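Below, chain A partners chain B and then partners chain C, in two separate complexes.
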Partner chain A sequence: MRHLRSQRREWLTTLLLLLPGFAVFLGLFVYPFIITIVLSLRPEGQTTGWTLEYYTSFLASEHGRQVIVLTFFLAIATTLFSVLLSVPLALVLRRKLRGHRFFRAVPLIPLVVPGLIGALGLLLVFGSRGWFNLFIRDVLPFIHGPIAVNYTISGLTLFYVWLYFPYTLLTTLSTLEGLDPGIEEAAQVSGANPWKVLRHVVLPLIMPGILSGSVLTFMNAFGAFSIPLVAGGNYRPLSVDVYKQIQLFVPAHWSQACAIAVIMGVLQVVFLTFYMRVLRGRKVK
Partner chain B sequence: MILTYTLLVCLSIFIFSPFVLIMIKSIGKDWFGKLWLPPTLTLDWYKWAINVARLPEVMKNTIIVTGLAVAMSTIVGIFSGWAFGRRHLPGKELLMSMILLPRMIPPITYALGIARIFYGLNLVNTHFGIALAHVTLCAPYAILVMSATFEGLDERMLEAASVCGANPLRTFFHVTLPQIMPGILSSMIFTFTTSYNEFTLTLMTYGADTLTLPIRTYLAVGEGYWEVTSAMSVIMVLPSLLILFLIQRQVKPEQLVGGFKGL
Partner chain C sequence: MKKLFTILFVLAVVAASAFAAPKEIVFMDSQSGANFQQWWQTIALPAAEDFLGVKIKYVVGSDAEIIERMKAWKAGQGDITVLFPKSTALFIKTSQVQLENLTTAKVPNMAKIDPVLQTSTEGVPVANKGAAYWFSTYALIYDSNYVKNPPKSWQEFYDRRAEWKGHIGFIRPDAKSSGGWRQPFAFLNAFTDFSKKFDPNAADFQAAWARLKDFYTYCQLPLAAEPTNAFENFNAGDTWITVYAMDYSLWSARQGTMPPTTKAMFLDPGIDAGGQAYLVVPANIPEENKQIAYKLINYLLSDDQQSRLVSTMWQYNSTMINDKVPGIVWEQIPKIEVAKKAAIPPERVNADAIAYIKKNAVNIIPK
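The block that comes next holds the complex of A and B.
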């Protein structure tokens, strides 16, 4: 009896201690999200009535489709380029070269720096008078400059890659370092040349790492807000479109903004589920 | 070998050049032509940032908001982290990934809801309100770090303390606290950077009296003075880079991927 009571008391303290965490989760995340959903279903400015108008009109409009396609395009392109950049870099960084401590710290920088600052700096570098175009003028004069990078779709992708490739690189690198060097040696001893070892042994083994890292890059790029807000120009992905609905119109288009936010949130949850699958697959192996 | 170093050096230039240019822009004068470096140097833009953009006031706001957010999330982190770390909860992993959800979903998707709720509660344009919005992102990370810390707590030392006759309070201050201090510190560092750099949620809850550094910098972009904006960016980014420099030996990169900033 006494044992039971002490057990119950223990349970009670556990629940009490969990309370602040769940209060934050429910009060500051779930409740706002529900409010967002409710607002998206209400006719603009009213407190009663239900409508699906804001979803259908956004999804059916030319503008809405463009925004969604653009968001996916940016996220996919960023992921592809991040993988192309990360795999060779990870292979290089693994071989503890001179100064590898420094080179290893470099890709951490975009993770710490707010996207806003990164975007500003990149706009300066790639502006028509920035160092990038000066480099082309002075070192590669056969290219007719200046090349427009800022506020173009390829420039925006480049900025995204700058900010989000470290997710892919770091997970790839950590998987690569977790590999048993014996496997590669075995392949070499059996007469495979370095290229074959890479292609048939190393790459398949680090594939789960590349995959989980690139899903992270993809999700971050999909939800990116400050970079396209500052450096997007006329290109508005979903996140910026949500904000513009509120900022550009007087009175603000709350219902429309909320509907777009909900679409974005639902897509993100789908990616997240996929990511969890990938992670779980990794653990089983 | 040469190819390897070319690759690494190119990457470093790609990563560093934005900061270098921001730095140069912030101290350069009359830099309009096609020159690599500005002809004259000046500190005028910093003076502008301080006098015209009233940066000291903005910094005061930022410090208050960040301090409140760190304090609140650390407290939440210690309580709930203890429950996660020391007790057998059914479905613990699922609960933890649920708690971490706000960090995995772009804040813009629920920022509108937060803004609407805070309008109703008159929390918009208050330091406490902005800090509370930041807790949404900071607390999950604090809980994650603290739960790992409590899990690593050495049970035998606690038992030894009570066997030697220490009361629970004494045990906590002399045995538990020194052990969990590194965890609290790292949770504070990460919640600090998250709150200090937070942009989206602040954008939805700030007002004229509660401009923070990221918001002020963003507004300066719209005003079009690149030099002043650069000066502000330099001031804003220094703490983050300093922290990265200080902790990069202690912290595993994987931890950074998980926790350094939201989306």
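The block that comes next holds the complex of A and C.
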């Protein structure tokens, strides 16, 4: 009997301790999400009735399809380039070279600079009279006229990579540093050259870090807002489309905005589920 | 007896606190750009705080969010004391949102406001739902380094568009900035009659629309996402000429975010579409806050404040006090009479045409 009572008390204490966290989860995550879904299914400005019109009209429109493709393109390209940049950089930063603290801090700057400020700074650097083009003009005089970076798709991808690659770098670097140096030494002693050590020993071992960083980079790039808003030119992904529905139209198109937001969320979850499943498959293998 | 005194004392304290003037009020701003956000925070509201003896909390918001908030308020629950909206017309049109009627009995300085500014905004009657605070003016903004002989009319601007091909700085029609629709509206107004009932299929409008589509191809591409981009394009020497808010452009030139060689002038026939901004008071706020709101608006419409507005910010005052404005101001910007002449008259500011532009102009910009 006493045992039962103490078990119940323990259970109650656990419940009470969990309650604040659970309330915050419900209030700040579940509730807004449900409201967004409900609004996306309501006729604009109505509190009754249901409709799928905003989903069908967006998905059926050429504009909607283009925006979805663009959003995926930017997120995937950013993830890919971030990995390609992060791995060699992490390998270099792993060595405790002179001034390594400074060189480790520099790539993290994009994480602490607000996206909007970063975007404006990059626009200045890559503008037709920015440092980049002034440098090109002085160093490569055979190139006539400024190189267009701002408002191009390649420029936008570059800006995305600048802002989001630190996620991949951080996870790759921390995995790399957690690696037992003895494993690499063992491979070298067994006659493997540095390239073989990297390809067959280091890369497979740090793959979980690279992949988890790539997931973070992908998620951030998929939902990126400030950079495409300011530096996107004609390339405006889903997040900007949601914003447009609320900011531009009078009265605001809340239902359409919510429908696009739900589509965005679903696409992201589906893609990430698929991606994680592939990763899990790799691990088993 | 002692108990009774205690109860009476507690009741008196509660009653006194309930009827006491509020210690803090909220000034919500969805209208201002960087220049006016600075104005409110560093000049106008601190001065008003000293004058009124209340703390004024300055908050920046967006019309759509504020409207959703206001819809949920019950009587006396509202927490925005004075609102400076981006689109007063939107608040007036939204039936679930109630605004206080502002009259000279409540705000005596409203008697000094130019009556024209109190008639309509963005084609919607003001009906005393707001008090005009300033009168904004769009102008032809150009870099005199590149444009030596600027056009004097929209027709001339259009005819000479090839001279500035790739250097005309228009903003995307789906920008947050109202410049996105004001620029094409002012352009179209020059080639079609917006005082008539708006018909998007009318031949004259279709012809004007085709001209706009053609004109966009002469602009710097891609079109600027927001004014910040347009300003940066000016600084880089990529944009030479545009149509934008005169006060903001000149303020930016002073701040170094536009070239110092930036100049402004007006275009015929009309260049700005109802560019006045209003101070409004939500109806569902506590009564004592309303009294403070009236006093605050009255203070902001006082001669001293209105004079500072034009002499500090180059934004035209809404009250008719031009004899009190320092003469040096008119050496910097055109006189208010000239600016008023350059405005598109209220009867031509067609709300349906504006809505059409907001929805459709993005489809005719070059991809």
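FYI, the second predicted complex is superposed on the first by the 242 of 285 C-alpha atoms of A that agree within 3 Å, B and C clash if a C-alpha of one lies under 4 Å from a C-alpha of the other, contacts with A are read in each partner's own complex, and residues count from 1 in each chain.
One rule holds in what follows: contacts are C-beta pairs under 8 Å (C-beta built on N, C-alpha and C of every residue); 3 or more make two chains touch, one makes a residue touch a chain.
All figures in this text were calculated on a predicted structure; none of them were measured in a lab.
S.K.: So, on chain A, is it clash or fit between chain B and chain C?
M.R.: Here the two partners, once superposed via chain A, clash with each other.
S.K.: Touching A:I143 in the superposition: chain B (first), chain C (second), both, neither?
M.R.: Once the two structures are laid over each other on A, A:I143 reaches no partner at all.
S.K.: When the two structures are overlaid on chain A, which partner does A:V230 contact: first (chain B), second (chain C), both, or neither?
M.R.: It touches chain B and chain C both.
S.K.: Between chain B and chain C, which one contacts more residues of chain A in the superposed model?
M.R.: Here the partner covering more residues of chain A is B.
S.K.: Applying the touch criterion given at the start, work out whether A:T14 contacts chain B, chain C, both or neither, answering first, second, both or neither.
M.R.: first
S.K.: A:L59 contacts which: chain B (first), chain C (second), both, neither?
M.R.: neither
S.K.: Give one of first, second, both or neither to describe whether A:K244 is in contact with chain B, with chain C, with both, or with none.
M.R.: A:K244: touches chain C, not chain B.
S.K.: Would you check which partner chain A:Y151 touches, where first means chain B only, second means chain C only, and both and neither mean what they say?
M.R.: second
S.K.: Once the structures are superposed on A, label A:V92 by its partner contacts, choosing first (chain B), second (chain C), both or neither.
M.R.: It touches chain B, and chain C stays clear.
S.K.: Given the touch rule stated above, what does A:G130 touch, chain B (first), chain C (second), both, or neither?
M.R.: both
S.K.: Please state which segment of chain C collides with chain B in the superposed model; the candidates are 57-65, 111-119, 147-155 or 327-335.
M.R.: Only 57-65 shows clashing C-alpha atoms.
S.K.: Would you tell me the residues on chain A in contact with chain B in one complex that are also in contact with chain C in the other?
M.R.: Residues 120, 124, 129-130, 229-230, 246, 254, which sit in both footprints.
S.K.: Can you tell me which positions in chain A touch chain C when the two form their complex?
M.R.: These residues of chain A touch chain C: 120, 123-124, 127-130, 151, 229-234, 244, 246-252, 254.
S.K.: Quick check on the complex: what are the chain A residues that touch chain B?
M.R.: Those residues of chain A that touch chain B are 10, 14-15, 17-22, 24-25, 28-29, 31-36, 39, 88-89, 92, 95, 97, 103-118, 120-122, 124-125, 129-131, 134, 137, 162, 166-167, 170-171, 173-174, 213, 216, 219-220, 222-226, 229-230, 239, 242-243, 246, 254, 257-258, 261-262, 264-265, 268-269, 272, 276.
S.K.: Could you list, by residue number, the parts of chain B that touch chain A in their complex?
M.R.: 4-5, 7-8, 11-12, 14-19, 21-22, 25, 32-34, 36, 75-76, 79-84, 87, 89, 97-99, 101-102, 104-114, 116-117, 132-133, 135-136, 139-140, 143, 193, 197, 199-200, 203, 214, 217-218, 221, 226, 229-230, 233, 236-237, 240-241, 243-244, 248, 253-254, 256-257, 260-261, 263
S.K.: Residues of chain C touching chain A in their complex?
M.R.: 62-65, 67-68, 87, 89-90, 93-94, 174-176, 180, 222-223, 225-226, 228-229, 232, 235-238, 355, 358-359, 365, 367
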